[in-house]
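Chain naming follows the written order as A, B, C and D, and within any one chain the residues start at number 1.
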Amino acid sequence: MTGFGILIAILVPILGGALVPLLDFDARRAREYYVFAIVLATSVYTLSLLSSGQGSELVLYHLTSTIDITLRIDRYGSIFALLVSVLWPLATLYAFEYMSHLHKKNRFFGFFTICYGITLGVAFAGNFITMYLFYELLTLATVPLITHEGTREAKVAGVKYLVYSIAGATAAFIGMIAILTHGGSLEFAVIGLGDAATPENRRLFDLAFLFMFFGFGVKSAIWPLHGWLPTAGVAPTPVTALLHAVAVVKSGVFAIGRVVYFTYDAGYLAGSMVQKIGLAFSAFTIVYGTVMAWKEIHFKKRLAYSTVSNLSYIVFAFLLVTPSGLTAGLLHMMFHGLMKIVLFFVAGTVMHQSGRIYVTDLRGFGRAMPVSFATFTIASLALTGIPPLCGFLSKYAIAEAALAQGSPLAYAGVAALLVSAVFTAAYLLTICVRAYFPPADFEPWSLKSVKEANLYMTLPLVLLTAAIVLLGCFPGALQAFIGGVVPAAFPGL
Amino acid sequence: MTQLFTLLKISDGLAIQFGADGLGRMFLCLDTVMWILVGIYAFKYKEHMKHTKRFFAFYLLTYLMLAALSMAANYLTMYLCFEFMTLLSMPMVLQDGTPESIAAARKYLMYSIFGATLGLLGFFFSAHYGAGTVFTPGGLLDPAKVAGNESKLLVVAFLSIAGFSAKAGMFPLHAWLPTAHPVAPAPASAVLSGVITKAGVLCILRVMYQVYGASFLAGTWVQKALIVLSLITVFMGSMMAYGEDLLKRRLAYSTVSQVSYVLFGVFTLHPVALLGALLHVIYHSIIKDGLFLGAGAVIFTNHKEYVSQLHGMGKRMPVTFGCFTVCSLGLIGIPPFAGFLSKWYLAAGSLSEGLPVLSWLGPAVLLLSALLTAGYLLPISIHGFFPGEGEKEAEGKEAPFQMLFPMLVLALGVVVFGVFAQPLADALLRIAEAMF
Amino acid sequence: MSLVQNVPAFSILLLMLCGIVCLVLPRRAARHLADCAIALVAAASVALLVYFLQGGAAYTYSMGEIGAPFGNELRAGMLEAAVATLFSIVTLLSLMGGRAHLRSDIGRLKVNLYYISTLFLLCSMLALVYTNDIFTAYVFVEINTITACGIVMSKEDGYTLAASMRYFIMSLIGSGLFLISICILYAVTGHLLMSNIQEAVAQLYAQGEYRAPLQVAIALMGVGLSLKSALWPFSSWLPDAHSSASASSSAMLSGLVLKSFIFLMIKIFYRVIGAGIVRTHAVLDLLLVFGILGMVMGSVNALFERDIKRLLAYSSVGQIGYIFCGVGLGTPAGVAAAMVQVAVHATTKAMLFCAAGGLMDASGGSKKFRDIEGAGRRDPYAGVAFIVGTLSMIGIPFFGGFITKLSLVQAAVTVGGWRNLLSILAIIVSTILTAIYYINVLAIIFRAPETAPTKASEKLKEEWKKQVRLDTEYEVAIVLFILLNLAIGLRSDQLMQIITTGLSMFG
Amino acid sequence: MSVFFANLPEYAAMILFGIGLSNLMLAKNLVKKIIGLNIMDTSVYLFLAAKGYVENSVAPIVSASDLGHIEHTLYTNPVPAGLVLTGIVVSVSVTAVLLSLIVRLNEEFHTLDIDEIIHILRKRDREDLK
């Protein structure tokens, strides 16, 4: 199975997406069939790649003597690819209905599908420079999506996102080159710095790690660099749901995982100063995100802050630099993707059907939009970490990994985890209470104009919620698939 | 735990399992009896309510979760049932939909979820340091793993027990109880006070005796701190009840103080005291349900909510006030009635425990609060039956028979269990011994 | 002495000859002569480069076989051949790209005078590249100044005259300082040929004599040449000059003229004074700091521009800052990074200026942002050129800009201390700012005019309707430019190898 | 002081250079700037010429007659003279171009003050924008 399959999986959505504005569909049906066909084909093809093509590699181009652009499927990348290829078709289905009330659909779906290919590129990158290429392209492809509505607010959000992302990417790039020039290898097949990390240039490698951590930390919304995520909440819902809950931010966390496990190995990082810094920052972000979410009353901005906190769960787990930490982080990456996309979709449906964007005026919606709010309640319970659902599993795994590591910062992380669970309950369950139990003086006729969304929107919701419940009860297969990454990341074990 | 029924095996360390043991069976019987009686009462009370279908749905779901909780065989299942019980009992609190009830429900939700999260902390540590996962009398901690870090585990034990005691209304996390009960409809507050607080007690019993093990916690600062907290709550609850004019809030404060009687017995880690605690669990449920149903009857028939409005009501509602008086006497601990025996065993257990100061301070506080209980309960009956010349007597008619019947049964229970308590005490002693 | 070794002298003299002949030729003939001459020189330079690639050693070519003190010498190495090729190719493409504008801006009669200036400009640049005698360098610096102002003045509207006057005066101050430093060097060492001066200076430095005059000479040299190549504090003249001139002249000015002075400075620093001495001198730190400030301030000014050509001019100030940051680092890796940026910026900026010309044609000749809305759709060649330019400036792999950032970071990382940190921060900030204003330009030129509210005048709207007539020469030039940028991006390994061996040959 | 007298021409050249440079930069009137430029250039040529002078030496002209034998051993250094000649050529051409530019500017803006010209241009820009 030569590596060409990977190239096809990446290029089909990119070229397909680029064609959408050029073909200039005016009939809605035609555009939908075309876009959905491309997205579905890519997903199916990628899933088949994941099952059969493990380990296949393709050297695309020798850029310079020490750097070349390679694509490779390894278990760590295929987990991210699995998440993306499962969620993208559902999000596209949702986007068809959601975009009916917005203009310039061709451009939107064009860039939306291009982002799919680029995210797969990030997943299948074989070394850091290739990932940097797709990482930058992802930023450029998402800027037009954020500024889609053309309002002043959208432009500001777009510029802010651009500034944060470019700063992050350049900082990471500098870290990469520092490692490259001082003997470390950027290939993902080679684990750890090997003999390059001698005691005297250790300080430089620490600095390079911090540059890469905070560089990729921008996209994974670590505390001081998270400002762009809530402001990007103004983008259309399919963008915020898919990109700012699943694709873009997860690529940031995915990259941090690559830095921690594939460039620096456990031997270098365990107990080192940089690990303490990283753990401290991510633990603080966990608490900061949920507190800000609790204060925010704009529905999507609240969910955006919740994403800020949940991403730091994953970063915290990765920085424990133990096999259980890695698997726990990846588990939460998968589950958080599922849960958060449901919450964002419901927020989008509410805005699409009734135009309400603030959390305070959702009284009585439980009856007006039963399916949406049923899925919302299940997803909120999952995110809060109520046992039978999947959120609990990942939270439990992270806590176990932290306890196994046993350093004081790990205990601080567990405490942060619990505090954020309480606040998550605070800002999510209050919405459910307000929706299902409106106060006595509430007239149901005020919501008669609000009807439940049609099949396009509710089907993805129901499917995803079923996934949340099933994965919560029977996670065996997924945990085994994720467990496969440990031998790759810890060759010594 | 005899035989285990595994509902769902998530992964090797995590499974939802159920199993019956003495403690579980006792709590299940208690819940079932109370649920039936209050149910009968609620069928009549529902004319007074809107959204009745919703109320009864959540009424039954809460019962489901309580039953599951008492049958839970491992920490995970217990935590699951505890969380869901909070979520399902919350709609009963905001049944009327008034702004205060919604605020009270949100407060109740937040306190309970905060408590449950501390419980979750306990679960993480027990899963890490524990040998197995199923509750085993004497504790499931693996001595090898625990060797180095007792201090950490003690802190976690204190936090998780304090977390579960939020549901039982112990001092630092009790504030939701006095706000939630008055706004809830009478059957809901009866169930909330009488039975759901006992769920918190059950979780504490499981955690203290069957996760950490009595031997691990005996004599440690955790036990002393918890006893002090429960004594503070006992005293504070009755003081607050004493000054309260709203009848249901007075009874809520009384619940706060009485449940801490039970907790005091549990925290002394002595078989006799534990027997007293278990006995008081049963007696308090019966008595407090009776009191709340009485209060509910008064509100339902004559819309009187404040104690000061009840002067001379006894003549108008003889049966209600009769049962109310019997239950009050039981709660105060007058010998022939139910309350006395449990307080007796509590005092005996604490004295024989031998903790330096607390062994005698405990019974002293219990006695003092018994006086206060008399102080805030007896005036209601006395003014009810003998209003005194000057005041204007309240008019009103007797409650319908369907509401009186449960009150009569409960009053009868108070008398029967007071007099023929021996078989119940023996059964509970066997359960208490099995816990160590 | 194989035939190909005469290429340096041949190309300079050929260009001079053709320049003079152009005076008498009619417009069309002058155009063909100029194109052929430049193409011939480009081919010759390529041949020379191939000669060096096949292992030829650097050699000196004495003009007229006259001996050292009096005779004049040219020196050719791999780096000189590569830079000469680059300059000639970019000049040819800029001329082709801006041809349409020549007819409208300069009028039929004076076009052949424009070609004279262009030929002499290229001739002076090649002379600066090849010369081994510093006084000849001064003479060609002056010729360069006059011809550069010539191609700015040729457009003859109010702006260009004022701009060229300011450009002229600033350049003269620069060359004045350069002249005085040459004289000091001559007075101290007694030689005019660079290689001899280097030995004399090394000997003097060893004995410790004339330390003060040497320091002053190096400082004046640094300031003079940085003033001529528009390093940030001295770049107030650049935006007016480069934005008002016609498309092909601004492409040549921004792309090449600034670079020739930088190349001269590198040559003088490393061949006349010697790497060891220069590294100890404070002028390098001065250049580094001004380079870093240039990178940031150039981009900051560009952010607030509402005129496409002024934006590109300010962006040039920023990119020049990049080059000086590389030179200022002092290490060979730094100079290599600077040379890579010279190559990449020459092609990219020239392409963008020609494309800007195309955008102006497609929107009624106006440079303002509000008028060029949607111009990228009307003139797709300019649109694609701007996309490639933006991707290259941000530093996406496969494009030229990536190699610049890569090599500059590699240079910065190996240097320790404050220089490392300062240059890294500057790289981050300048990449962000560059990304913002280029993507802003992209958003404007690709915005569909009918949906977004445009501020353009009604008259302009009708013009947008009718299809823009593009001439093939402009299209060919843009496509070749894009291919050149991609070639540098893809074959960057070879480029780096040429530069590093060229630098080692430099000595 | 002896150092001052030893290389008097160099000092003179430096002072002249300073005068010329400051005039070129600071003068308002364009013609004055050109004058400053020429002063600067002449000072450099003075410096160069002074460098070429050798004590009691003879002009380095070798006529046909005394080809066989050369009595004088000391000749002045011809190279600086050559440089001066080239320099003068360059200065003349630059001055010519500048003066023609000044004429064109005066026709267009009717002033010789460069700052005023820029002020006029900025005003013209603002009118275009409206």
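Please note the rule applied: a residue touches a chain if its C-beta (ideal position, glycine included) is under 8 Å from a C-beta of that chain, and two chains touch if they have at least 3 such contacts.
What you see is a predicted model; the values in this text were computed from it and never measured.
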Q | Identity of the chain that, by mean CA position, is farthest from subunit A | A | D
Q) Measuring from the mean C-alpha position of subunit B to the mean C-alpha position of subunit D, what distance in angstrom results? A) 105
Q) How many Å are there between the centre of subunit A and the centre of subunit B, using C-alpha atoms for each centre? A) 45
Q | Where subunit B and subunit C are represented by their mean Cα positions, the distance between them in whole Å | A | 85
Q. Which residues does subunit A have that touch at least 2 chains other than itself?
A. none
Q: Identify all positions of subunit C at which a residue touches two or more other chains, and write them in rising order.
A: none
Q: Indicate which of the five shapes (line, ring, star, complete, other) describes how the chains touch one another.
A: line
Q: Could you list each pair of chains that touch one another?
A: A-B, A-C, C-D
Q) Which positions of subunit C touch subunit A when the two form their complex? A) 391, 394-398, 402-403, 405-406, 409-410, 412-414, 424, 427-428, 431-432, 435-436, 439, 443, 448, 451-452, 490, 492-493, 496
Q) Can you list the subunit A residues touching subunit C in their complex? A) 61-65, 67, 69, 103-104, 129-130, 132-133, 136-137, 140, 143-144, 147, 150, 159, 162-163, 166-167, 170-171, 173-174, 177-178, 180-182, 204
Q) Along subunit A, where are the residues that touch subunit B in the complex? A) 381, 384-388, 393, 396, 399-400, 403-404, 411, 414, 418-419, 421-422, 425-426, 429-430, 433, 436-442, 472-476, 479
Q.
Could you list, by residue number, the parts of subunit C that touch subunit D in their complex?
A. 69-70, 135, 138-139, 142, 145-146, 149-150, 153, 156, 158-159, 161-162, 164-166, 168-169, 172-173, 176, 179-180, 183, 186-187, 192, 368
Q.
Quick check on the complex: what are the subunit B residues that touch subunit A?
A. 8, 10-11, 13-14, 16, 50, 76-77, 79-80, 83-84, 87, 90-91, 94, 96-99, 102, 105-106, 109-110, 113-114, 117-118, 120-121, 124-125, 127-128, 152
